[in-house]
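Letters A, B, C and D mark the chains in the order given here, with residues in each chain numbered from 1 onward.
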Amino acid sequence: MNYSELLKNIYEEVKGLPLEGKVASYIPQLANVSADKFGMSLLTVDGKEYKVGDTDENFSIQSISKVFTLTHVMSLVGETIWERIGVEPSGNSFNSIVQLEYENGIPRNPFINAGALVMADLLVSKLNDPKKDFLEFVRKISGNKNIEYNLAVAKSEKETGFMNASLVNMLKSRGNIHNKVEDVLDFYFHQCSIEMTCKDLANSFLLFANQGKCAHLQDQIISGSQVKRISALMLSCGFYDESGEFAYKVGLPGKSGVGGGIVAVQPQKYSVAVWSPKLNKKGNSSLGMKALELLTTKTGMSIF
Amino acid sequence: MNYSELLKNIYEEVKGLPLEGKVASYIPQLANVSADKFGMSLLTVDGKEYKVGDTDENFSIQSISKVFTLTHVMSLVGETIWERIGVEPSGNSFNSIVQLEYENGIPRNPFINAGALVMADLLVSKLNDPKKDFLEFVRKISGNKNIEYNLAVAKSEKETGFMNASLVNMLKSRGNIHNKVEDVLDFYFHQCSIEMTCKDLANSFLLFANQGKCAHLQDQIISGSQVKRISALMLSCGFYDESGEFAYKVGLPGKSGVGGGIVAVQPQKYSVAVWSPKLNKKGNSSLGMKALELLTTKTGMSIF
Amino acid sequence: MNYSELLKNIYEEVKGLPLEGKVASYIPQLANVSADKFGMSLLTVDGKEYKVGDTDENFSIQSISKVFTLTHVMSLVGETIWERIGVEPSGNSFNSIVQLEYENGIPRNPFINAGALVMADLLVSKLNDPKKDFLEFVRKISGNKNIEYNLAVAKSEKETGFMNASLVNMLKSRGNIHNKVEDVLDFYFHQCSIEMTCKDLANSFLLFANQGKCAHLQDQIISGSQVKRISALMLSCGFYDESGEFAYKVGLPGKSGVGGGIVAVQPQKYSVAVWSPKLNKKGNSSLGMKALELLTTKTGMSIF
Amino acid sequence: MNYSELLKNIYEEVKGLPLEGKVASYIPQLANVSADKFGMSLLTVDGKEYKVGDTDENFSIQSISKVFTLTHVMSLVGETIWERIGVEPSGNSFNSIVQLEYENGIPRNPFINAGALVMADLLVSKLNDPKKDFLEFVRKISGNKNIEYNLAVAKSEKETGFMNASLVNMLKSRGNIHNKVEDVLDFYFHQCSIEMTCKDLANSFLLFANQGKCAHLQDQIISGSQVKRISALMLSCGFYDESGEFAYKVGLPGKSGVGGGIVAVQPQKYSVAVWSPKLNKKGNSSLGMKALELLTTKTGMSIF
């Protein structure tokens, strides 16, 4: 497969499309991003890199960070995580608090906000210096020691994150948060504020295409079975209320964030990260979705 | 009507009943109350007092305070309160957060916790020194200058009140809390911690039997129309999931609290307060309910 | 109280108001009613009749019939009805099926459609010739032997009543319907199709103002305690999502129907029926609500 | 891959396991099946058949039929089906009616009962002789002309299927059923009553592994894109509340039925059908799940 040519074609096709949707604007730091940025990085399991556009520019990874916390939690506590979080699609918008009320504070899956908050609580419990240690983990799997939290973003999220504060307090009232509410929220808002490039994201997701091993490391980060679990969750729950649509149009496990990033994985083959800040109505990058749809259509390869 | 004889008969009948249910135990200060306390005070609009049992003993008024905040808010902002709170029964248990999600953060009525939190926010906005001023209001309508917050109760509520913290954050996320979440919760936990006697409560509720005027004051606290509004709300929403049952068995507007107190009003006739700490499954005082049922059965008078 | 003068004043005031809202149009028979009809009948417990406007004209009583089925069921099975229906406000729009799913097929109260369907099932079980016997009961308490079902209305309701068919099937799946679904729906659509005049309705509701006795009969139809139960339910659940508003503005137990009728009761004093076909957004007669509000405002009498 | 050996090993391992769970018993015809039946058929895209156990015995395919109706509908109306049914996981148990109420009668996906009923309605509209034509379609894609409805099963389902009657009436009330409720239910209960063998099922699902073509036919039944859509839906919604679990443990698109059958597909490789009547708590065949988990574990092949 000539991925180099392919990415170039996708880039040209996508650049010709109208820029639809809206840049996330609930905090100023996200609202100020240039709407016309576009980058796409693809990394194969045999170590080849392909890229097009703004692939070396940092952006806010937001909910993509949930895949990193899930990976980190599973590497630390293994399957016991499922005592506190479910593995089924939620069928509701990503902030829904209704389900928690009827299911006793057990979030349906790790990628809805409630699930991510329970994972944050687990990491606050397990790590010596939670924010520092988790950042090290992300640096390690991405192979980039310069990755940082954006403290201004974390601060803004905190000042406006009342829905997350509502969720974490409800989880606490049901006994599914063990640390202080403030500490869990502080960790969560930091994890979402991490800034990475398309290249960093492709690098860090390669382990899901590579049975749990980073390309640039000898270490097995998680087991092949854990890769399967996380991939299955990404496929059914990675795109909020558009997960079914993504599974059909793209046909790869992946995860999006409101910063406009999407990362996906073709098992045994490659990881791919794309970034375009304008979001469709379901909160996923419009052009990012389109670019990945073109990728699997043009290659004729998806998991189906 | 010989209320003196009547209260004596009720007292004897109730004292012969088994002490069923449980004292509220979610904070130590409530759990430590003697379960066998019982008091009942009745005050007629023409100024006569009747009492039996432990009517001069302080207890935690808890949700009964919601009637005081509603009265205070209505005296300050009038009907504009209904832009931010509904007047319909909720049909759900008193903490339900589901309804808020589907109705854009407008609580169904002032007596569910969400509604009480919006009232707390209104008072924090309107009063110069919210906790001090509100306490003065309660002292004024009850005619007892010694009424105080129980600071230990307020502190304990704060330390365990995650469900209320969840609610207030959700309301804030929908724009229906204008002050800081911490300030609203602080006010709310204080209002619930107020300690009063049966006598104080009967005194302070007399205005609802007396077209808005306290017996011991010349002032019109609220208008006759506002009395009607508050009474209608007490009748349909004053007893959590047991409001319909209370309306039938007792047939008076009233309000209960998990401290074991219940206050009710026979319009144009009397106010009555009863206290017995053991709660039934719906969270209302078991013997308090029974005593009031005996009162309206024996007098043959209810609003129906 | 000069009710004659009073009704005349109300009539003039109401007639001067703009005719707002919409006539129910889900079946042709209701849509074809003249929008400008207005009638009001008041009947005191000492047997005096007052009336103004179109009080001798038949209209479709619709949901007002639920009060008659409740009365009939209670006269037949007493308190055992509460094993299959609750007594608490529902807090949801009148067709809501959600609550049933979470509460195992026990409708929250007799006046939501699900509750009315369970009552229909009870009458189908208890009566020899259900439709004939129930009609006789309505004729008896209203004192009018000419009252009839409108068979065309019943037929139309059946042809379009899919939401009621959905409810009754769900109740059946939870074991709370004992007869054939078709028989229950047939009975229900007939009961709603009954046509009565304001005069008939005031006559038939007088028993709720008169401790269970019809003015024109010696018989005790139901006990005083049952009157209290039904009145309490009317007050908190008689007006769909506007019950709280009605309790405040009018302050009487009552029941409305989408045919534009409303009946209310001042305990120990009078029953009153009003009819005006245009409905407000909550499905209650706009001018009917207004007329009753004027009645209790002008008399200064409500239950509060 | 030596599938012959593999199936033999799986058979032996599964036969040594305790027979846990319960045979579906809501109708007598399902309850009477021998609990110890077990069959497994695997069919590769290059036409090789492998089998073990009771693979030539008929059983009730139940919800597996939803994949056939979806395939048939898509072959008839293409993508317009998505105007009336969604493609997102439901996150609720398979009969939930709540979601319909909040989403205006559009079922979340074709595999919940509400979605299947809308598909049944579409087929009743599109086919000349719906039950006959649909049966012919199933016979065609399975290559077995002797497949039949079990009329006793269809009759029993009809007599007890109140929840489905509730759903279809609600859908009708929202305008998402165009034919008579009775006709839609009749079609639906028949489609679920179809009896097939493991061999038949593997044959008929091969088209999903083979880009839309049956192995035994020249015809393209549906397009490659439609295969992808159906596979994505099976993966995220094929196993009720256990879809996430199946995606992880087995990692193949598939569909189960309460008759104890499960069919799954390894794209480009094979289809596989397994049958064991005892169901786990989520309503999926216990040993069927286990057998498929062993299959993908032993082959090391899943879609992830």
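As a convention for this text, a residue touches a chain if its C-beta (ideal position, glycine included) is under 8 Å from a C-beta of that chain, and two chains touch if they have at least 3 such contacts.
Worth saying up front: this structure is predicted, and the values here are computed from it rather than measured.
Asker: Using each chain's Cα centroid, which is most distant from the centroid of subunit D?
Answerer: B
Asker: Report the inter-chain centroid distance for subunit A and subunit C in whole angstrom, where each centroid is the mean of the CA atoms.
Answerer: A distance of 56 Å separates the two centres.
Asker: Averaging over Cα atoms per chain, report the distance between subunit A and subunit D in Å.
Answerer: 32
Asker: Go ahead and note the Å separation of the Cα centroids belonging to subunit C and subunit D.
Answerer: 48
Asker: Would you pick out the residues of subunit A that each touch at least 2 other chains?
Answerer: none
Asker: Okay, what are all the chain pairs that touch?
Answerer: Applying the touch rule to all chain pairs gives A-B, A-D, B-C, C-D.
Asker: Report the residues of subunit D in contact with subunit C in the complex, numbered from low to high.
Answerer: Answer in residue numbers: 96-98, 101, 162-163, 165-170, 172-173, 181.
Asker: Which stretch or stretches of subunit B touch subunit C in the complex?
Answerer: 86-92, 99, 108-109, 227-229, 231-233, 235-237, 241-245, 247-248, 251, 253, 267, 302-304
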